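Some structures to go through are shown next.
Paired with subunit B in one complex and with subunit C in the other, subunit A is shared by the two complexes that follow.
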Partner chain A sequence: MSSTYLAAEGEGFVSPGPGTFVYPPLFGEGTFFTKPMLITVLGTIAIGLFFYLAARRAAMVPSKTQYIGESAYGFVRNSIALDAIGKQGLKYVPYLATTFFFLAVLNIAGIIPVLQFPATSRIALPLFLAVITCLIFNAIGIKKHGLFGYFKDLMFPPGIPWPVYILLAPIEFVSTIIIRPLTLTLRLTFNMFAGHLVLVLFILGGEYLVFEYGGVVGVAAGSVALFGSLVLTAFEGFVQLLQAYVFTLLSALYIGGALADEH
Partner chain B sequence: MLEGNVNMVGYGLAAIGPGIGIGLIFAAYISGVARQPEARGVLQSIAILGFALAEALAIIGIGLAFAL
Partner chain C sequence: MPPTSPDEESRDFRRKGEADAFGAFGLVISGVLVWGGVGFLLTEKFDNQVFVLGGLLLGMGAGLYLVWLRYGRQS
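This part shows the complex of A and B:
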C-alpha cells in the first residue's frame, strides 16, 4: 500500500492509508515532537495527576476522586492480579496497574475529540511495554527457579515421551522468548491501527459523499456513513479498553506462568 | 473500474479462520453461562483470553497486508 494522500489532487475519493499515521513535527521542520508524542506526554500527566489527587488525602470515608481511584486500582488488583496469578501476584499489582492505565488512557485518546489519535497505534510504544513485560516475567522465573531450572521447566515439561522433546523444546523456547512479546505488540498496535483507520475511512468517506458527490444518493449514503462513524466510535472505545485489559491480563498470566512450580 | 491492492483480498481470506474461531469461543462462553450463571466471572476472563489469542491471527494478517 502506498500512502494514498499524495494523489489527492485528482478528482474522486482517495481512501486513507497508512499515511494517516505519519504526523509532521508540531513545531515546524527540524523538530522531532509529533502529535503521538504530545498525546503520550499528556496522557502520562493526566494519569499521574489523577492518582495523585486520588491518593493525596486518603481517608476512611473516601472522597469522590479517592473512590474512583480506589475502584479503578481495585479492578486491576482483584480481577487481573488475583484472578490470573493468585495471592503471590499482589507484589506485581503496581506494574500491572501502571501498564493498564497507561495503555487505557493512550488508547482512549483515539476517540477523545481534538486528540483523536490512539498513540499506541505507533508500534514503538506497545513494543517497548511488551519487551519490559518479557524481561519481567523471565527475570521472575529465573529468580524463582534458577537459570537452569527455569529453562528446564520451560523447555522440558515432565510427563512426555523423550523423542517429543526434540520438537517441543525449541518451540517452547521460541514461543516464550520471541513469540509472546511479538504477539503482545502486534495485537495492541494493529487493533488500534485498524480501528483508527476504519474511523477515518467512515468520517472522510461520509464527508466526501455528502459535500462532494452530492445529490440525493450521496447525501443519503453519506449520512448513513456519518451515523455509522458515531456507532463505530462507541465500539472503538470498547475495543480500546478491552485491548488494554487483554494486554495486562496476558502480562499477568505470563508472570503467573513463570511463578508456577510445575508447567 | 476497480483499483486497490490484492493484499486486502488476502487479508479478507485470512480473517475467515479467526472469525470462526472467535465465534466458537463466544458460543461456548454463552452456553456455559446459560448452564451455570454463577460461573460467569471465571468464564469471562477465559473467554476474553481465548478471544485475544484467536484474534492475534487476524491482527497479524492485517499487519502483513499493510507491510508486504
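This part shows the complex of A and C:
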C-alpha cells in the first residue's frame, strides 16, 4: 500500500479510503448521533414538509408546489407502478413513492453542499428497505396464491421430470428470498459508496496537487482534477437519481411478479 | 386518485424484459451459491476438493438450465 507508506513518511498524498465513511458522533464522545443520521432525519423532514405543502391546499388550479408534488408523485405512479405492475399496481404507489423519494433525497445529499454525504452509502439504510420490499412482495404472493401455491409456483416450474426439482427448487428459493434483497442492497450501497469515494478523491487530490505539490505541473494537473470533480458531481447527481429509480422499479417488478398468475 | 384509462389497463408488463434480465442474473448466482455451498460443506467434511468443484459446476449448469426453462422457452 503505497499511500500508507507515504503517510508513514510524513509527506505525500494520503488517498481517501473506507475510513471516509466513518463519522465520529456529532455531539462529542459517548453520544451516538452521527452525520449520516442527521442527513437521514433532515431528508425525512424535508420530504414530509414538501408533500405537506404540496397537498395542503389542493386546488383545481394548482399552485407551483402542488404542481411539482403532483408531477413527482405522478412519475412514480405512471412510469413505475403502472409500467411494472399494471393496473393492480396502483394499490402499491404509496409504498413505491415513499421509497423513491426517501432514497432520491438521501442519495442526492451526496452532492448538496455542506451535507455532501449520501446517507445511503451506509449499508443499513438500503438493507432495511430491501428487507421491507422482500417482506412485502412475499406477503403479497402468499396472500394471492396461498402459502402452498405461492411456493409451488416459485420453486416448481412445470414441464420437467420430478427428480430435477431436487436440483432446481433450492436455487429458485434462494434466488427469490435471499438474492433479490441482497442485490437490491448491494447495488444501491456500493453505487453510492464508489461515487462518493471518487468525488472525495478528485477533490482532495486536486487540492493536494495545486496547493501542496505545486509548480506548473501540479497546478495544471490539479486544475484538471478540480474541473473534473465538477463534471463528476453532475454525473453523480444523475447516478443518484437513477439508483433511487432502479431500486423502486425493481421493488415494483418483484411485486408485479408475485401478483402474476404464473411465473 | 383518478380512475385508470383503458390505455393504462393495457400497460401490464411493459417492463417484463427488465424483470426477466434481473431474474436470470439472480438465478445463475443462486445456482452457483446453493450447489457450490453444498459442495463446499462436503469438501470440508470429507476433505476432498472434488466436491466443491463438482458443486460449482453443477450449480452453474442448473442455474443456466433454469434460466432457459423460465425465460428461454417459447410458450
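Here is the rule we use: the second predicted complex is superposed on the first by the 249 of 263 C-alpha atoms of A that agree within 3 Å, B and C clash if a C-alpha of one lies under 4 Å from a C-alpha of the other, contacts with A are read in each partner's own complex, and residues count from 1 in each chain.
Criterion: contacts are C-beta pairs under 8 Å (C-beta built on N, C-alpha and C of every residue); 3 or more make two chains touch, one makes a residue touch a chain.
The structure displayed is predicted, hence computed values, not measured ones.
By the touch criterion stated above, A:90 is placed in contact with subunit C alone, subunit B being left untouched.
Of the two partner chains, both subunit B and subunit C are touched by A:183. Looking at the shared chain after the overlay, A:168 reaches subunit C, while subunit B stays out of its contact range.
In the superposed model, more residues of subunit A are touched by C than by the other of subunit B and subunit C. Once the two complexes are laid over each other on the shared chain, residue contacts for A:194 go to subunit B alone; subunit C is not touched. By the touch criterion stated above, A:253 is placed in contact with subunit B and with subunit C alike. In the superposition on chain A, A:160 makes contact with subunit C only, while subunit B stays out of contact range. Overlap of the subunit B and subunit C contact sets on subunit A: residues 83-84, 183, 249-250, 253.
Residue ranges on subunit A touching subunit B, taken from their complex, read 1, 18, 79, 83-84, 183, 186-187, 189-191, 193-194, 242, 245-246, 249-250, 253.
On the side of subunit C, the complex with subunit A involves touching residues 1, 4, 8-9, 11-15, 18-19, 22-23, 25-27, 29-31, 33-35, 58-59, 62-63, 65-66, 69-70, 73. For subunit B in complex with subunit A, the touching residues are 5, 7, 45, 48-49, 52, 55-56, 59-60, 62-63, 65-66.
The residues of subunit A lying in touch with subunit C in their complex are 82-87, 90, 93, 157, 159-160, 167-168, 170-172, 174-176, 178-180, 183, 249-250, 253, 256-257, 260, 263.
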